[in-house]
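Below is one structure; the comments refer to it alone.
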Amino acid sequence: MRSVALVVTGLVALAVLGPLLAPYDPTAIDIPNRLSGPTQTFPLGTDALGRDILSRLLYGARWSLGLAFLISVLSLIIGTSVGLIAALGGRIADWSLMRATDTFLAFPELVAAVVIAGLMGAGTWSLIFALSVTGWMRYARVARGIGLSVQSRGYVVQARLAGMPGWSIARWHYLPSLIPSLTVVWTGMFARAILGISALGFLGFGVQPPNPEWGAMLLDARVHMRSTPLQMIWPGLAVVSCVLAINLAGDALRDALAKDGQPG
Amino acid sequence: MLTVTDLVVKRGARATLDGISLSVPAAGTLAVVGESGAGKSTLIAAILGLLKPATGVITWNGAPVRAARPALVMQEPRAAFNPALSLRRSVMEPIAAQGITLAEGRLERLCAGLELPLDLLDRRPAQVSIGQAQRAGILRALIAAPPLVLFDEPLSALDAVTQKHTARLIAEVQAEEGFAALIVTHDLGYAVAHGDRIMVLKDGQVEETADAQTFALSPRSPYCRALRDAAISLGALGAAA
Amino acid sequence: MITAIGGVLLRAVVVLSGTAILTFALLWHAPGDPAQAIAMARFDALLSDDVIDQVRQEVGLNTGFWQAFWAWLGPLLRLDFGYSAVTGRPVWPDLWAAMTYTFPLALAGLAIGLALSLPLAILATKRPGGLLDRAAVAIASLGAAIPAYWLGLLLILLFAVQLGLLPAMGARTPAHAILPAVTLGLGVAASLTRIIRSGILEARGQPFLPALRRRGVAGQAVARDHVAPHAAIPVVTLFGLELAFLLEGAVLVEVIFGRPGLGTFLVTAITARDFPHVQAVVVLTALVFVLVNLATDIFYRVIDPRIGAEDA
């Protein structure tokens, strides 16, 4: 848990504080200096419009990381609610909600996101909508599974008998069992969101210019692959390192949970 | 007074309980005995309102039994407590949930009666012995002073010595508090020793109901006689009670 | 067992219906006037309202939701995908042509991925926790973090631009398929390595294995008859998921490499708001997903009859 919290805080800090570290305005156009390689003034070089790549990377964290965080939390809320209602709401609610979940799962996430984002008109809101709508299902399944198993536990029965209100039971008796597993799922979804945002950005359907999103930066860099190949490396590296960090933290958490044999 | 009339509980097409009627007077004790699968746990669940019967009426003093807020002592002491919370927190749950104020010194008195050191309550369920956990479970059941307490195999998870000890404490605290008790058990010896009346369940139906002494001396049905004889030969029941 | 399969089929039908409704709702609710967009794409000019209305009627956008849904669904059930809203040509032949580029690529990627991951996973699990094992996990984790499109770009940079060894764009020759297949295969290898490895480790951890060995069953036989089938269950399930995601990956990779497969087909269709094209791709991929899941579901239940009991 601790490594996850650490990694996440680090990434969120990067997203929030990154722009403070940026030496230049990421949208400042500077044609005479365009497409320069790494130099003293521009540590990572400039892009086709002369914008400083380092600054764009740092500002880009807000989009690629910040949006990913938002999207993964949104789908967490949606998915967990669906899963819990399925677990606690009776057989019919369970069956229909799980079939709905299956239906959404039947859509290949990326293709669906591309279609949604594309049809809704490229832009940040469509991006958020598309990725949230295609990302909640895994949470629902996990939440339902845990909800069902906790529901029949002795202390939950006792709480109901004692007359505890539903929200209190949820807070004290369900949440401790839900949090570990949901966090593991969430790390995976956070990473997936980062990859999704940059994939859509690369296809041109996501965050729109001049906003410096990493995938979109890759799209720009591709055109100039022959002249300034280095330009292609940085945004990709940024994505890879963030995703890797989250995945490793998530793995560590999953292994730790498996050892404990799932507390609660 | 707890009154159950013609209770029928169905599971699919099968009836797990088929026309059960019983009564437990205030401060009285009814021991319900039966093999596994006889329907004992279903009976408890029905009385507590945890499942819906197909037919039947369950009342306490004429009103729906739920109003009396009956409490439950479970078979597995540790499963009855949230492992993440302190025992005190869990024990106080009924008080917190029903918004009652606890009478001055009640907690201390009950703990003394159940031989539970007060500081034990600040521990987590995993940090106390099984016997202590079970007594904490009884404490929780009694804290809000319910008039009716159901016991689902309260001694089964305990070792023989602790069983005797806990059984005695239950009897003592019942005499103090004056609640009506319905005790489900497969242990005929315990049933005879601590029940005023005994009801034998077989395959979802009442095989026999009698007061404890009569039952121990001369059970009416052959099945019950076999039960009693088996208990005697195992030493659970003193010969001729 | 028949009831189990029946249940699975019923679920598949429900899911497919839901998929159809969702797809249609998506197309229906796309903001902006789709008729206008289609007309503009088709005639490449700003048009009068009459023409737009004519297009609207032609494409069937002027009726209510459910009427339009049934009108839309009917032909689809006959596998008649209609005509492109932009080019007017029938959809199916173009779709099929695109598929002939995508499916082989996906299979090639899968083959490469398996060829890399299976030996690696088996070797790594010979000494769990050992150097090779930890290296394999590290590489796999790294591979999972690398976006396919970036990998593709890097490979292009290295092999096509710098070294001039392999062609990059288009699909003219079989050699053009090498880089895309390798890009795909590497990504697949990364996830498959982890899946197969944990499947083997889990199967190895079964409680009855030491008893078998004590009875003198040879190591090879144990591996073949007891570890492999048990490992197969989670592997096959996740494998089924992988197959579906393979399609997704192939779609992305094609866009990078400029191959005329489903990926480019889809992206062009979306930009041009060519609904018949878009829905054809969505329905197709959804169908593949559901069928693959159905197959793994059935296979899973056949292998382990316990599974059916726990759902719904």
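In order of appearance the chains are A, B and C, and numbering begins at 1 in each one.
Note that in this section a residue touches a chain if its C-beta (ideal position, glycine included) is under 8 Å from a C-beta of that chain, and two chains touch if they have at least 3 such contacts.
As the structure is a computational prediction, the values presented were derived from the model and not from experiment.
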Neighbouring chains common to subunit A and subunit C, by label: none
Maximum centroid distance from subunit B, chain identifier (CA atoms): C
Chain centre separation (subunit A, subunit C; CA means) in Å: 21
Inter-chain centre distance, subunit B versus subunit C - centres from mean C-alpha coordinates, in Å: 57
Inter-centroid spacing, subunit B versus subunit A (mean Cα positions, whole Å): 51
Shared interface positions of subunit A, touching two or more other chains: none
Touching two or more other chains - residues of subunit B: none
Junction residues of subunit C - those touching two or more other chains: none
Touching residues (chain side subunit C, partner subunit A) in the complex: 11, 14-16, 18-19, 22, 26-27, 30-32, 141-142, 144-147, 149-150, 153-154, 156-157, 161-162, 244-245, 247-248, 251-252, 255, 266-267, 270-271, 273, 278, 281-282, 285-286, 289-290, 293, 311-312
List of subunit A residues in touch with subunit C within their complex: 91, 94-95, 98-100, 102-112, 114-116, 118-121, 191, 195, 198-199, 202-203, 205, 215, 218, 222, 225-226, 229, 232, 236, 239-241, 243-244, 247-248, 251
For the subunit A and subunit B complex, residues of the former touching the latter: 153-155, 157-165, 168, 172-173, 176, 263-264
Subunit B to subunit A touching residues, read off their complex: 48, 50, 69-72, 74, 76, 79-85, 90, 93-94, 96-98, 140, 144
